[in-house]
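Take a look at the structure set out below.
Chain IDs A, B and C follow the sequence of writing; residue 1 opens each chain.
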Amino acid sequence: MVQFTSVHVFYLLDAATWTILLSLLAFAGGAVLGITLALARVSRLRVLQLLAAAYIQLVQGTPLLILLFLSYFGLSILGYRLHPVVAAGMSLTLYAGAFLGEIWRGCIQAVPRTQWETSDCLGLNRFQQYVYVILPQATRIAIPPTVGFMVQIVKSTSLASIIGFVELSRAGQIVNNSTFEPFFVFTCVAAIYFAMCYPLSLSSRYLERRLNVAR
Amino acid sequence: MVYQFDFSFLAQTWPAFLGGAWLTMKLTVVSIALGFMVGTLCAVLRVYAHPFVGWLVGAYVEIIRNTPLLVQIFIVYFGMASLGLKLGAETSAVMALVINVGAYTTEIVRAGIESIPRTQVEAGDCLGLSRLQVVGHVVLLPAVERVYPALTSQFVLLMLASSITSQISAEELTAVANVIQSDTYRSFEVYVVVAVVYLFLSFLYRLGFWGLGLALFARRRRLGTAL
Amino acid sequence: MSRAKLRKDIVPVAPDAAAETVVRVSNVIKDFGTVRVLDSVSFDVMRGQMVAIIGRSGSGKSTLLRCMNGLETIQSGEIDVCGHRVSLPGKLDKGQLRQAVGIVFQSYNLFPHLTVERNITLALTLVQKRPKAEARRIAADVLNLVGLSEKIDAYPEQLSGGQQQRVAIARSLALSPQVMLFDEVTSALDPELTAEVLKVMEDLQQRGMTMVLVTHEMGFARRVADITIFMHKGKVWEIGPTAAVFANPATTEFAQFIASVL
């Protein structure tokens, strides 16, 4: 049994960088998927709307852990052996994409109807309306909840530990297995997560207030 | 070699899946009920009690909302044991889930309470009602009715998140799936089936909450309008 | 204050009873920050009187009313209401005061999640601790008084503004207060709905209720109120029997005010 020392703390901090990396990966992928889904949801093509809605309902009604298991264990049985980080990145992308899609759809729909009407009356076609009038406004509205959702992404990366990816939570388990001080180890892990997430939460709230004042 | 999908294991194992779903339901319904009570109490404390108490509640909420559920579960299960408090897997699971959903519920109910206009509180006060009576009869019921959709969503999320408790060997659906998967080697099919079961549970829970809402909120049931 | 059962006719004064001062306001001063909202206001209200407080917006009328039932605090002076010294918040028994003083607001403030009956019986059961059956009987009585018996099971959102305000009056009345305060209760109503509310108030006065009302309904005040007080910039500029005050304005401000509204 080893003492829980600062060496272990540095090990945890090192693993935290992998947490950050995975989070950024998930956000990048999720953002691409999310904007696609959001636009599909507000498009005038019924088929696109339904497909996007179905996907979002499906993903939001399934635990992230099951998604992870499907992409790691499930796909490996099918013959596709994915590295844990790839499997985790893929699952988190699919997961984040669904939630971001919902959030951003709401933001697009939050832009007042009058903006659509006015730009239409000025002769802009649908694409121009989106690019020059609607999306810029929707983006402003979207910033606070998106920053807020990033907190969810960071926390969700903890599940990647279950399929063996060594990020912060897995590192915590490893340290615990050698020091047998679960309370201190996991409290330390929690503190590091808190240090990463709390500033994001605060920013989200700050941005929300700024946005409402400006409006 | 093309992979052959094979769902034949369902013939023998479907009772196990249903059993797992039932276990998840037992686990999460208890957690939701307790978590709602904890959350409402904390929301009332946050709004009406001494500022220091409010700050404590705020700290609890922030800590829980900014740390992963998995780590919270580990602290409750392994951490408490190392401090001398040995809790079973199910007890730990419920405790962790209650603490977790309690924090989110606090924020949601708090928003509901703060959305009730001051004039309502004033009217209750001018009729001679005590502070406690005003909070109970004039503020809380409309507040909960207003945020009911948000609460429902949060509770469904909790049911889905309960899958994480499989990591401390709590008996619930995901744990059952893991066992079946390791027995049959049909990982993909098993997890697809389990995903479908969870989807069904989500739908069931939403239906249940909708019905509960109708039963609780008489005004909404009779008039059909939002508050 | 005795918790008398509500009789069908409300608090009639025996003809030979000595006139009793129900409300005494003495040299009340109130500031909101650096603005002096009430500047040495004094007057009395006797049992059974209806006192109308009129004046321009911002003259302090509503603030005065809110001070009278303890919703606002004052910086100096005294307010005595039904034997309670309202001006000393520390020593005030708010529960007892709320029993004695009823208030009706401009925005009615009915509880939207409760039926009309429950709005009325809530305080009866929780505060006056009456049994349910008795509370419901009282609720039916007061609703009958304001002419809304058939709406007993409705929700506030199903009623018009005038009906909601009448329910608000009934809700206050049900607690058998010694005096009722009305804070611009018809200002938020459409003109057609104002009449039904004024009729209820006139009815109450005829039954002997002591009433203090802040109002813009000049015609109503002139016709029905016993005493009229004209306030301007936080001070009482005119006070006296209604007919006399209107007939002979002592100040140019009041003369101008009458001219601009009547």
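One rule holds in what follows: a residue touches a chain if its C-beta (ideal position, glycine included) is under 8 Å from a C-beta of that chain, and two chains touch if they have at least 3 such contacts.
Bear in mind that the values here come from a model prediction, so they are computed numbers and not experimental data.
Contact with chain B and chain C alike is made by no chain in this entry. Relative to the whole-protein C-alpha centroid, the nearest chain centroid is that of B. Averaging Cα coordinates per chain places chain B and chain C 47 Å apart. Taking each chain's centre as the mean of its C-alpha atoms, chain A lies 21 Å from chain B. For the pair chain A and chain C, the distance between C-alpha centroids works out to 57 Å.
Those residues of chain B that touch chain C in the complex are listed here as 119-120, 122-130, 133, 137-138, 141-142, 145, 217, 219, 222-223, 225, 227. Per the touch definition, chain B reaches chain A in the complex via residues 1, 3, 62-63, 65-72, 74-75, 78-83, 160-161, 163-164, 166-167, 174, 177-178, 181, 185-188, 191-192, 194-195, 198-199, 202-203. Per the touch definition, chain C reaches chain B in the complex via residues 69, 71, 94-95, 98-99, 102-103, 105, 107, 109-115, 122-123, 126-128, 155, 157-158, 171-172, 175. Put simply, chain A touches chain B in their complex at residues 58, 60-67, 69-70, 73-79, 151, 155-156, 158-159, 161-162, 169, 172-173, 176, 180-183, 186-187, 189-190, 193-194, 197-198, 201.
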